[in-house]
Amino acid sequence: MTQDLRIGIIGVGAMGADHAERVARRISGARLVAVSDPDTARAEALAAALTGTPGSAGSANAGGTPAGATGSDGVRVIGDPLALIGDAEVDAVIIASPGFAHAEQLMACLEHGKPVLCEKPLTMDAESSLRVVEAEHKVGRPLIQVGFMRRFDPEYARLKQLLDSGELGRTLLLHNVHRNKTVTATFHSEMIVRDSLVHEVDVARWLFDDEIARITVHAPKPTSLVAEGVLDPQLAVFEMVGGAMADVEVFVNFQVGYEVRCEAVAEKGSATIGLGVDVLTKQAGHWGGTMPDDFRVRFGLAYDIEVQRWVNAAARGEIDGPTAWDGYAAAAVCTAGVQSLQEGRPVQVEMVSRSEVFG
Amino acid sequence: MTQDLRIGIIGVGAMGADHAERVARRISGARLVAVSDPDTARAEALAAALTGTPGSAGSANAGGTPAGATGSDGVRVIGDPLALIGDAEVDAVIIASPGFAHAEQLMACLEHGKPVLCEKPLTMDAESSLRVVEAEHKVGRPLIQVGFMRRFDPEYARLKQLLDSGELGRTLLLHNVHRNKTVTATFHSEMIVRDSLVHEVDVARWLFDDEIARITVHAPKPTSLVAEGVLDPQLAVFEMVGGAMADVEVFVNFQVGYEVRCEAVAEKGSATIGLGVDVLTKQAGHWGGTMPDDFRVRFGLAYDIEVQRWVNAAARGEIDGPTAWDGYAAAAVCTAGVQSLQEGRPVQVEMVSRSEVFG
Amino acid sequence: MTQDLRIGIIGVGAMGADHAERVARRISGARLVAVSDPDTARAEALAAALTGTPGSAGSANAGGTPAGATGSDGVRVIGDPLALIGDAEVDAVIIASPGFAHAEQLMACLEHGKPVLCEKPLTMDAESSLRVVEAEHKVGRPLIQVGFMRRFDPEYARLKQLLDSGELGRTLLLHNVHRNKTVTATFHSEMIVRDSLVHEVDVARWLFDDEIARITVHAPKPTSLVAEGVLDPQLAVFEMVGGAMADVEVFVNFQVGYEVRCEAVAEKGSATIGLGVDVLTKQAGHWGGTMPDDFRVRFGLAYDIEVQRWVNAAARGEIDGPTAWDGYAAAAVCTAGVQSLQEGRPVQVEMVSRSEVFG
Amino acid sequence: MTQDLRIGIIGVGAMGADHAERVARRISGARLVAVSDPDTARAEALAAALTGTPGSAGSANAGGTPAGATGSDGVRVIGDPLALIGDAEVDAVIIASPGFAHAEQLMACLEHGKPVLCEKPLTMDAESSLRVVEAEHKVGRPLIQVGFMRRFDPEYARLKQLLDSGELGRTLLLHNVHRNKTVTATFHSEMIVRDSLVHEVDVARWLFDDEIARITVHAPKPTSLVAEGVLDPQLAVFEMVGGAMADVEVFVNFQVGYEVRCEAVAEKGSATIGLGVDVLTKQAGHWGGTMPDDFRVRFGLAYDIEVQRWVNAAARGEIDGPTAWDGYAAAAVCTAGVQSLQEGRPVQVEMVSRSEVFG
């Protein structure tokens, strides 16, 4: 038996707290040892809640994932995130802080040679992302994995497998729908591109195994159920380098629930995931089912798989998922997307070539 | 951190080998240390394959389950199953031997005070099952969990939760469909009751939280795609003590694939699971999706959850799932079911009352 | 151009009024010329409403049926139903009176040699139905068509066509669900058999092209949302002469809406109709669609097709649908079904053979 | 009873022959009296086939439409389409000739004051369409109905009704899919816009009750299963004057079958039609259903309703469906669409305002 990987988490807002609970209770081969957050009280409450509580794994696990927590004997709170990264008792880091803090924290992880799972976005713009890619390249081995967890969702994985099998011929088009029930009033138009659309940017790059060459982000007349000035929904069109295309509806105030759907259209057929058919009820004049309130319900299992595979890989000194380059490419596309949204026209994506970085 | 639970498995046919691989590679907090099978070569091949192979967990896990194997440093082959049960290095036992061997092996587990997960059926008839229940009762604490894994399937679990919530009112009826693609030619009419229908016997008892009072097993004119004399499909009707009812189609040579479906009808609505909608393809003049070939695809996640929760519970000296009593009740119902099939009429289920056993 | 068929309708309750509106406004080649009802005011109001109103056909036709009303220049009210049948200006009759009045009215139609579309049941019991069959046989040509309109529903028609094609092999089983939102408090247990289950009796006979040999009608503990003493839902099992079987859930106080579903299970596959997927909405936390309130929504098109085809056939002196014999067989099965419900056991269906009547 | 409307049909290719059979056999209140086609043999064969055959209506009608043919006692073949239009025995005209012939034939109908149902496109370009609109305006009453039959499809009608009800709030977006199994090799890129996409042009204008202001037609790298140089599939984006948007995938060599789907996204929910769920089969390792080979299966009922309602309206001297203006607007949008396809950029739609024509 190997020693558990000791994990520190930076940022314990909704996403970070979710990861903390995941590492402490559901992931095996790892232990949560430290958390850091500017809101110290929040960090301390979480640390206290997750200290010494392996036993509840089974019942906490209604979502269906086998529980295998090896527990967390003691979770320390470390005020300075850079101190957490440098801490000798921390083997690997999960970054769930706000995006603007990522660049510095990633650089620190690289300096300490520590594996890091960084929630998207890698950084706030293409330029700083490229610097991270270059810095990691100098380290000589991949340390950074980016949190595009769609790739770990069983449905997306099956779609990828089906498309790659060639059974349907070459893939020509993707139609994507990405809807949130509601978001906070501060979620402005540009964030819809950088925080929501970015997932489909990665999905399109991954499913097509190709870069995005040009992006158009259309803004139809917005829903009235959103703050003045916010362009929601948005309709994006990606043109891939190889000529395939994707469209995406992003609608972050859909009111109904969380819905993510993807239809791939290929030469000999199509395939759709995200239909959300599970328990079918007939009730109150209605047939159908419920829609999840948020992504943690829809993608809970994907997050579990993502983190478990990252832990397994990190223990071997590897990563097992989207790379820093994927984070850089997504940042470059989103930058172009924001410009398209502002100028109402297609915008070319500007990226360096892989060979410029990796030789 | 606690010590891993050391597990021995008796019987390494399809089901036992599946469990062995599960314990060795996907379950955390447990280690596979021994296997036993009359076919020694098969046992040795499996032991060799599973010795020292924790690393492949992640990639073996395409089905979506977070991998958490703590591995198996060395898996011994023990010829005599009773010796395996008595072995000092074995903490807990999984019985996946043929049903006729269960009674003796279960008694041995009770004698040694070892937690045991016993594949269904508990034993071959109600009488011997009752003796197991009584013997466990004398031990004074539950050691036996029976492998009715439907209860751990996320869809069944959500159905149970929905029905128990009272949102739909009292449950009145269950409609069940249980279809296999094909079975071996030796799978005779009585086995359809004892090995297939038995799952719905447990489902009905569990969902209604009630015993079955009367059972009718109808045999329509059989499919021509089955061996002469085998009554397949069968149509069973259960009448619960409390007056609710369930019907079940069991069809073990359906040709199309493996399909398990359950619709619960309540006073204010109905709920259906097992629709099997996942990736929707349009291909070759057809819309729809594929059906799984067998139960390991449909219920793979349920088995993982079942065994993980059993391991977690066994480490605490408990069980977490169907009891020996559930195994006894199922045996009593199936015995009556076989009689109904033979005599073409409803048959009353004969069971002792719980108070006769537990006082 | 041929002369329109002049139609008289007996009974203008819900069903009869629906037929009157259908004949007056949607059916071509026919005219509504007379109605009869014990409630004269009701008959007069309807006659007035339907006199001289062909023009609204198009807009009345939201359900999708091409409108082709040749209108109704004047609809007379005739107090005595037998006078309506004998009226020289009436070419053909639709009987939508209560079941107990059918026998006499059918006999009068036979005497006058007038084509008649008789709503189910043919008559209230097997004996009187047999007498109608024999009387029609003496007339020497079929004049009576029974209103089992499921056969005209496009979905049932496609199911029949698929099963008859042999593509799925021999049909082994039918699973039927027949649910009403609610019924009036006077709808007692026996009516559930005679008025609701009777549709599935005809469906099973028609799809299997076989008679029902034995019927069991189970009564689970009833829903609490029904009058004291009414056995609702019921679960019926039909055993066909040829050995195939069917089960039927009839639940006339389902609360949710009107639902009729049929799954046929054959040697090489299954086919299900009645899924009710049409417009899929996502709204208020929910995906799915609405359920119709009653059969007129679900089967409106089937009624239109039934009556149009009957009109076309009647103009040629023929019928085009279920025969008096089908009405007799259904009555015989329902009589046995009521007995089964009362005695809690399977009951053999007693019918004369076709050759006893037709030689 | 009124006299039947006597109808002449110009062009008896696939579409025209379909209409001829419809008028002769399924529509009531109308008679087919004349056909015209450059291929005289084809016209004569059709006329012979449809002369004096009203009786088969019922059985020809398996698709579900009530049959109401008043028949066609004699169908004349008239060589010159303009002679057919001017014929004193022809009350109304259906134009199913190639698009380039429409302008002259429509003008002739206007001169003779005859109601005309013109298959789309109205004419080949916006300019000539505008001249038709102006000529009809001078006549002083609407005589021209354009064959955008989607509006008569029950599913589209329900979608329109749902959106207009306001239940889902204001409609923001439409996602459309329009796929043919295959088309002939001569069906070039521009025809995909003018003959296929034109349907969604009308659907968007109708559902939004608004004009299209700007159109982008993207051409992803084409499927390899199409003739060299044909841009298939295409991805179009419409921007409505009021700010709503629609996207459309048009893919005329989809291989799988004919599929038309529309999802409307509104402020409080979405609604999708065209799911094609009817009979659900489980067969050969697969669950699902078949896809129709062509539009006549999918939209057969819509055509029946369209023509019946047009006949009803024409008998009153009215139209009941899309107007010549709708045909003009569609032509203007398609002209811009073709330009966008050629130039790879969004193109503004150029149309006169209604007030310029109608004052």
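Order of writing sets the labels: A, B, C and D. Residues in every chain begin at 1.
The working rule: a contact is a pair of C-beta atoms (placed from the backbone, for glycine too) under 8 Å apart; a residue touches a chain by one contact, two chains touch by 3 or more.
Source: prediction; values computed, not measured.
Looking at A-B and A-D side by side, the one with more C-beta contacts is A-B. Compared with chain B, the chain whose C-alpha mean position is the greatest distance off is D. Rounded to whole angstrom units, the spacing between the C-alpha centres of chain A and chain D is 45.
If you average the CA atoms of chain A and of chain B, the two centres end up 37 Å from each other.
Residue positions of chain C touching 2 or more other chains: 256, 268-270, 282-284.
In the complex of the two chains, the chain D residues touching chain C come out as 1, 4, 26-29, 55, 57-58, 61-71, 73, 154-155, 157-159, 161-162, 167-168, 268-273, 275, 277-284, 301, 304-305, 307-309, 312-313, 316, 320.
By the touch criterion stated above, chain C contacts chain B in their complex at residues 169-170, 172-173, 175, 177, 216, 218, 220-225, 233, 235, 237, 239, 242-245, 247, 249, 251, 254-256, 265, 267-270, 345-346. Against chain B, in their complex, chain D makes its touches with residues 256-257, 259, 276, 282-291, 293.
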